[in-house]
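Each of the next two complexes has subunit A plus one more chain, namely subunit B in the first and subunit C in the second.
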Partner chain A sequence: MNTSSDRMTLCTVRVDNQQYAFDMLAIREANQATPCVRVPGAPAEVLGMVNLRGSLFLLLDIRLLLGLPTREPAPQDLLVVFRPSQGEAFGVLVDSLDDAMVVPTRKITPRAENDANDPSPICGVVLNEHQPIPLLSPSLMYRRVKNLIGTRAPLEKHS
Partner chain B sequence: MNHFPIRWKIGILVASLLFATGLVATTGLVILRQVNGLIEGMVDGTARALVLAARTRSQVLRSVLSERSSLLESEDRPSMMFADESRAANARTLEFLTELEGVIDQVASPAERRALDEFKSAWNAMTKNQAKVLELTVQNSNTKAQAIIDGVLTEQFNRLRGVLQAQVNGTQKALVAWDGKEPEKARREFSRQRLAFQTMGLADKLRLNLGEHNQATSEAIMSRLEERIEETLGQLESNLRDLSESTLEAERTEMRAAQSQMLDIRRMAAEVQKQSRLDTNNRSLTLSSTVGADSSKKADDAILLLVESLSKKLMEDKKVASASYQSAIWITLAVSLATLIAGSLLGRSVINAITVPVAKVVEALQEIAKGNLAHRVQVDQKDEIGLMVHSLDQVTTNLAALLAQVKGGAQGVTSSSGKLTRLASELMNQAEETTSQAGSVATGAEQLNSTIQSMAGAAEEVSMNVNGISSASEQISVSISGISSSALAASGSVDAVNRAVKAVNDSLSTVAQEASDGSRRTAEARSLAERASATITALDRSASEITQVTGTIQAIALQTNLLALNATIEATSAGEAGKGFGVVAAEIKGLAQQSGQSAGEITRKISEVQESVRHAVETIREIRNTFNDLASGSSRISESVASQKAAAEAIARSAHEANQAVARIAQTIQEVSKGSSDMARSAAEAAKGANEVSSNTSEAAQAARSISENILTVSNTSRKNAESATTLNTSSQDLADIAMSLESSVQQFRLR
Partner chain C sequence: MDDLAVLAEFVAEALEHLVVVGDGLLALEQAAPGEFREKIQPLFRAMHSIKGSAGFLGFKNLEQLAHSSETLLDALRQEKIPCTPALTDLLLLVTDRLRSMVGNLPISQEIAATDLLARIEATLQVRPATQQAAMIQVPSGMVPPLSVIPAAAISALREQEIVDPLLLAEFTAEAREHLTALSNGLLAMEEAGPELAREGTHPLFRAMHSIKGSAGFLGFGWVERLAHAAETLLDGVRQGIVVFSRDMADLLLRVADRLRGMIDALPLQPSGDDTGLIQNLLTIKNPSPGAFPPATPSVVWSPPATTPPDNQRTQVMAALNHAAEPAQPEGDRASTLRVPVEIIDRLMNLASELVLARNQALETLPTPPDARGRQLMQRISTVTTDLQQAVMLTRMQPAGTLFNRFPRMVRDLARTLEKRIHLGIIGTEVELDKSVLEKLADPLTHLVRNACDHGLEGPAERLRAGKPETGSIDLQARQDGGQILVRVSDDGRGIDPARVRAKAVERGLITSAEAEACSDSQAQALVLRPGFSTVDKVTDLSGRGVGLDVVKTNLESVGGTLVIDSVPGKGTTFLLRLPLTLAIIPALVVRLGGERLCLPQRDLEELVSASQCRISEMGGHDVVELRGQPLEVIHLRKVLGLTGMGPQAPGPESVRGPSKGFLAVVRAAGRRVTLAVDELVGSQEIVVKPLHPLLRGLGFHGGATVLADGLPALILDVEGVVRASGPALLPQLATGPEQMASRLETPTQAAVIFEYGPSERFAAPLALLRRVDRVVASQLERVGNHRVACLESGNLVMVGLDEVLAVGAAQENEQELFLLSPRKGQPGRALIATRILDTSMVPMVPEPSPLKGPGILGSVRVDGRLTLLIDPGEILMATALAEPGWTETIAAGVAP
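Then we have the complex of A and B:
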């Protein structure tokens, strides 16, 4: 997952008052939310498309993917865009970005066997001194949405 | 055959084909014509004769049938109709017979000819007899005679019998009534009765004799019967005369009528005899059944013989035609088979001479298409194909030599271009890696730079605003000191009013003096309070502006935070190389958080100031109201000071209230004073913090700018490297492609 095998850089975010972690290497950048354009005929998990400095990204609803009640995007939301290595480049909206943290790999417990039909994007748990933080995998999120879309043509083109 | 030119070969093939077709067609035509002649002869001769003979026979039979029908028919009209039919059948028979005689000369044997002559003589006899028979039969004389007997004659006899019966009855009555006295009379009656009975018997006899006469055929019988009839008629007439004479007068008339009736009977009997004498029916029947039957049987036998003979002959003809048809089929088949075998043998040799060498050439061309240039065609022929094969072999040899040269050259080029390509692609990969890293770091740095600059501007604005707050706070302090002194003065005035009220009874003029003095001072205090109010409102507005600015600072701090996070992301992905940059990003993040915290502190403090200011505004408004009350009270004192003790007391109460209010003012003003000094202090602190933020961000901006510049230089250099490497790579790949395609093209050919 990371270049150095014994430690891993994570970025923690907050969604619905709960802390989650992403691998820093999966993130392309974080930014303030920009207006999102709905995609007709897309599943509910796709909020729409966002334009970030001239590039179009698919915007997924992380709340639906985590099984939380969904809500309309708010102006104070922050946009986290993932690298194309996680599928195609796409982003999610989080309530806030907490911090970057470096944790030893042994403190991360991977989740057993993610089979293709499991909709959960959680791929492990970070054992922090205060409380455990779920580790989210953007590639699992993308795979879920890709399955929902099925064999249709890709909705976005990364220019 | 192999050395003939192709057009000769094709010519031989076509000629043999035409010859075979012509032979089969000619044979078929000749034989068909033979069979046709046979069938035509059969249909026009024998079959026609047979048909005519059969028709003749049917007409003869028809004629005989009609003759018999005419004989059997008793009525005149139908009998004549049948006779006509019979004659018509005879006419048609003659017609057919004439035609048959015309046809039969062509086909008939002597036996048939004889049978026909026999028929003709028999038929002639038959027709002659028939003519007589028909002539007789239409007269029907016997039938007519019988009709007279059965019809009118029987009627006459019946009437005669009635008259006679009446006579018998009359005599019987007279005999029954006889008394036995006159035996003469009885005897007479009795003889009359006997005479009447006798007459009846005579009448019956006459009828019987007439019938016999009609049936009779021979002349002798007829003559004897005629005598007997004449005798019976004479007896009948004499009996009737006797009866008439002996009868009573009353019955005589009747008897006379019977006598005259007897004349009719005699006439009828004569007619019957005359008809019977003609005897046509019997004669015609006799003629028909004797001579006619004989001759018609003969004619029928003769014609039947002819028909049978002809049909036998027809069957023989059919056998002959069938046999010749079979032989025609066999001959045609044999000729076709022979020409087919001969033609296919010839055609096979011609086709072999053309197709076998062509197939060899095709095989050779396919081999060449596959790339086998070592293949040679083995054909020993001197026609056009032989020439073609020889030229093809020469072309193949030349091509093989040429390709061997090309192959050697291509292998050399391939090996050197492969090395070049490998080197170029390594170089390009390295350059691309550097460019992409430098590009992403540069983008981050530029963003950081611009954000920090906007943050610096905002921080300077904050600094300026805080300074404004500082000066405004000082102004407030000054104003409040003024208020304080005015309030103290007011307090003093109120005391004076109190004293004046107490001494109101002593000197009203003094009171009036003092009252107007109080009024003036109150107005002064009011204007001061209003000034303080305006200043505080301005302060409130400044505080609101500060809040807005600190909001902007917080937003910028958030953005900086995001930026620092993005910088951390980039630094992480850069690995070891990004570590130094990561440290800078973390520091910037710390500064941004500190800025955000300071801005939050300022906001909190400003809201405290705003709270205090609002409190001060409220208090000053109360002061102003109190002064207003005081002013109105003072003017009322001036107006009715002379006599109004109650008013003086009201003034005293007002003054007391004023005193209390002034005490409150003094207290409030102290609070305000404290609040404003706090505010001044906070503002100073804020100013210090803001200045610090400003200097921090300036430092950060300076550092970021230098990083950005360095990175840009690196980025530009590596981009140039990448471009050169790409060009090199493209060229070397082109070369490699060309060499490879050349080599693979040559590989397709087998040269030895």
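Then we have the complex of A and C:
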């Protein structure tokens, strides 16, 4: 997160008709979604894989990670790809890209205690005039899926 | 460090190993008590490899930490200490630190991991888990790897960078090359003896001179001083004033190492005092008094500077010397270029994208396109294809980049082991894909080390055995069709089958009954099994039961093979076969639950339609009978958790009648099973892209690719899937005297089984055949004594087996015949088969045949029937030789 200064640029997105915010500096690019293929054998939190100009990116299911009902990717979805600082070559699909906004850091309340057992990717709340917006941490999403896959190590049997 | 490429290779390898360790540690925590030992093995191996390479490259701190952790893992493996969460934490912490050390080379090597070393030491000493509480630390995941090395230390190191980084990079790269040339030159001179050595000094002198000059120019006085002293000595040798000796080579190699250390540390001056080295360099040059240079007032012979030389003067001298030296041909400099691998990978990606874009563009063109459009598309097509090929070429590297590390390694090993070893290298110019070269590095290092340590005897033993005192190891690479062959052979003691048998029984790898049953070559192949090691003492060189099995698994994981050929008392040869490239592999694309998956051809043995087979149920598992052999059906859908989409995969659920889909027969994880898939999409060459790190933990996929339509697809890791499907259901490869052979991994080959006459059965190795054609009666003609088949590809003179061998003749009036065209031999001839029965795997080494004759390789049993294994090329040659007028053409055609 960009907490070095007293301001932070956020990018708000819409998922399942709710507004969420990402730190602008965590985002590598946002683009029209390219067709996504499923990854056989991966947990449901892995939505699939996309080819973005010859490079492959893993898509995580942001809905599942947020505890929302999941749905099949739609052509009008937008692809948000994160910077490597958040985790290797991954992104999410959002319904739409809302806005960019600069907020003073004092208006962001970090989530109480960073409980390692809490799988939520919400790392704080942005206090906005109208309503509070949850701030999402892509790296928390990445780590969550990593843990999911790590703990279900394939049963190994040597002959 | 030899050069940047070696460093980069090391870093990449080490990082991969660290991933293995990191993942493995997590898996260990979940491991049931029974499988603990099994699970720790790969971690141990990975750490061992890191240690080995780090040690070899001279990263002492890295080596030390890896060594300690290896010891810790070893203690764990032997259950000397219990595996506690605190211990796992410590190991994870170590892994993170290693990662950051590796990632920040060479700067990081200045910082020792004393804190962790102390903790490992403490853990090893405590043994009973009493002090757990003291060990608990922040979970390693919370510590970003980079911050593990105190950030202040790195920035302090970096702040001193006063030299233009570009200039510095160029200098270090060049200097490393010079030093590699120097080391290799010294080794060659050592072997050539003092007379020839004098000649060989010229390039070495120039190399050292260049280092000195550039170092002086950049203001690295400490490098310059040492290089200057070495140059002085080399000049002495060059002029015949000093006689080259083994001690001198030792000293100069030490100097080269020190210089390498200095160059790695640049722009800093590493700790340590060089006056001793310099003094040695200057004193060794005067073995006999009065032999001082007569009247050659060469600048480099100026009295050696014990105090730092005046910079300005040195520069003038350097400039003068440069002028005097034959200039390096300009062309040489311009013809090579260092390009970061990422850029090449990116180019590769873009080239593939361009192909896709071209395909899409083709679709949008009006059909049929007008002449101009067609021309344009054709041009784009050729250019894209050429581009892709050119990019592929940039990934090729000469085998020499890998082989060059061995002369020095072997020399040092020889010294340590007090043996005399000659290393012969052939084929440094053979070009390999970078990915293959990377995969080859570890196995080859192991094999060469192994040959030095275990393969070759000591000088005394060799003399007793009537061999020359100096043992030889030959390293040879060559291209063989679509594969790279690498041979590592020694003339040492060979592998004693009796000793191997005893050891294998002792280690519980086989039973004593099995030991008796297996042949000598099968016994020798046992050394490739995990957990096998005939050396009882743990050496610094080639470890504790880690070794050949790793080599084998590493090679197999990339579609390569390893074969041992050893004659006791005479020596051992290891033959490695690797694909030319791993970047593009042939694969079968299948559809499964609506998703496409790529199955690498190398894992695929056969493909059958499920409707042709009877699938039955056995203890909750599906079994299919294929040519009398029951094979387990693994439902990929079930293993991969794909349900409810697409057509139903083959299975017995509804009716035991014909089912849909296909069964792919694969051999993996020591089992032969079939994988059930819904649909075949097609066979194609795919560009392998690395698997996303998150997906590596699943163990189902080996990589990813982009298919022709631009959509991604995953490449199946057949081995992983088979393992994940659960324990072997059928005891096919597990026990029973008959299966001993396959268990001991007798090399087999695919062969076409066919009939000719009424009685005999024949087998021809597929590798010896170019093609098989089916001909019908209407295509047959008679010309003189010959029967000729008129095919689209040309006419073939048909040869019956009974013309050469004492076998039954075929019926004259067959409606349908098959023609086997061999790879070698006269192109215009083919062998007749009246019926093709099957293709199956037959032993590489057949039993003797009851029938003798040209082209008979031996006999094998196929489905319980005696079958003659023949070489069609040989047989055809025999017929041709019998005819006048054929001889010359034959001789030209079959020259090997």
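Methods note: the second predicted complex is superposed on the first by the 148 of 159 C-alpha atoms of A that agree within 3 Å, B and C clash if a C-alpha of one lies under 4 Å from a C-alpha of the other, contacts with A are read in each partner's own complex, and residues count from 1 in each chain.
We adopt the following convention: contacts are C-beta pairs under 8 Å (C-beta built on N, C-alpha and C of every residue); 3 or more make two chains touch, one makes a residue touch a chain.
All values reported here derive from a predicted model rather than from experimental measurement.
A simple residue count on subunit A separates subunit B from subunit C, and the partner touching more is C.
When both complexes are overlaid on chain A, the residue A:Tyr142 reaches subunit C alone and has no touch with subunit B.
In the superposition on chain A, no contact is made by A:Thr70 with either subunit B or subunit C. By the touch criterion defined above, A:Gln18 lies against neither subunit B nor subunit C after alignment on the C-alpha atoms of chain A. By the touch criterion defined above, A:Thr105 lies against neither subunit B nor subunit C after alignment on the C-alpha atoms of chain A. When the shared chain is aligned, subunit B comes close enough to touch A:Leu97, but subunit C does not. Contacts of A:Ile27 after superposition: subunit B is touched, whereas subunit C is not reached. Residues 23, 26-27, 30, 35, 38-39, 139, 141, 349-350, 352-353, 592-597, 636, 639-642, 669-671, 689, 692-695, 697-701, 704, 706, 710-714, 720, 723-724, 726-728, 733-734 of subunit C touch subunit A in their complex.
Residues 35, 37-42, 46, 49-51, 53-56, 58, 87-90, 116, 142-143, 145-146, 149-151, 153-159 of subunit A are the ones touching subunit C in the complex. Taken in their complex, subunit B has these residues touching subunit A: 559, 561-562, 565-566, 568-569, 572-573, 575.
Those residues of subunit A that touch subunit B in the complex are listed here as 3, 9, 11, 24-25, 27-32, 78, 97, 100.
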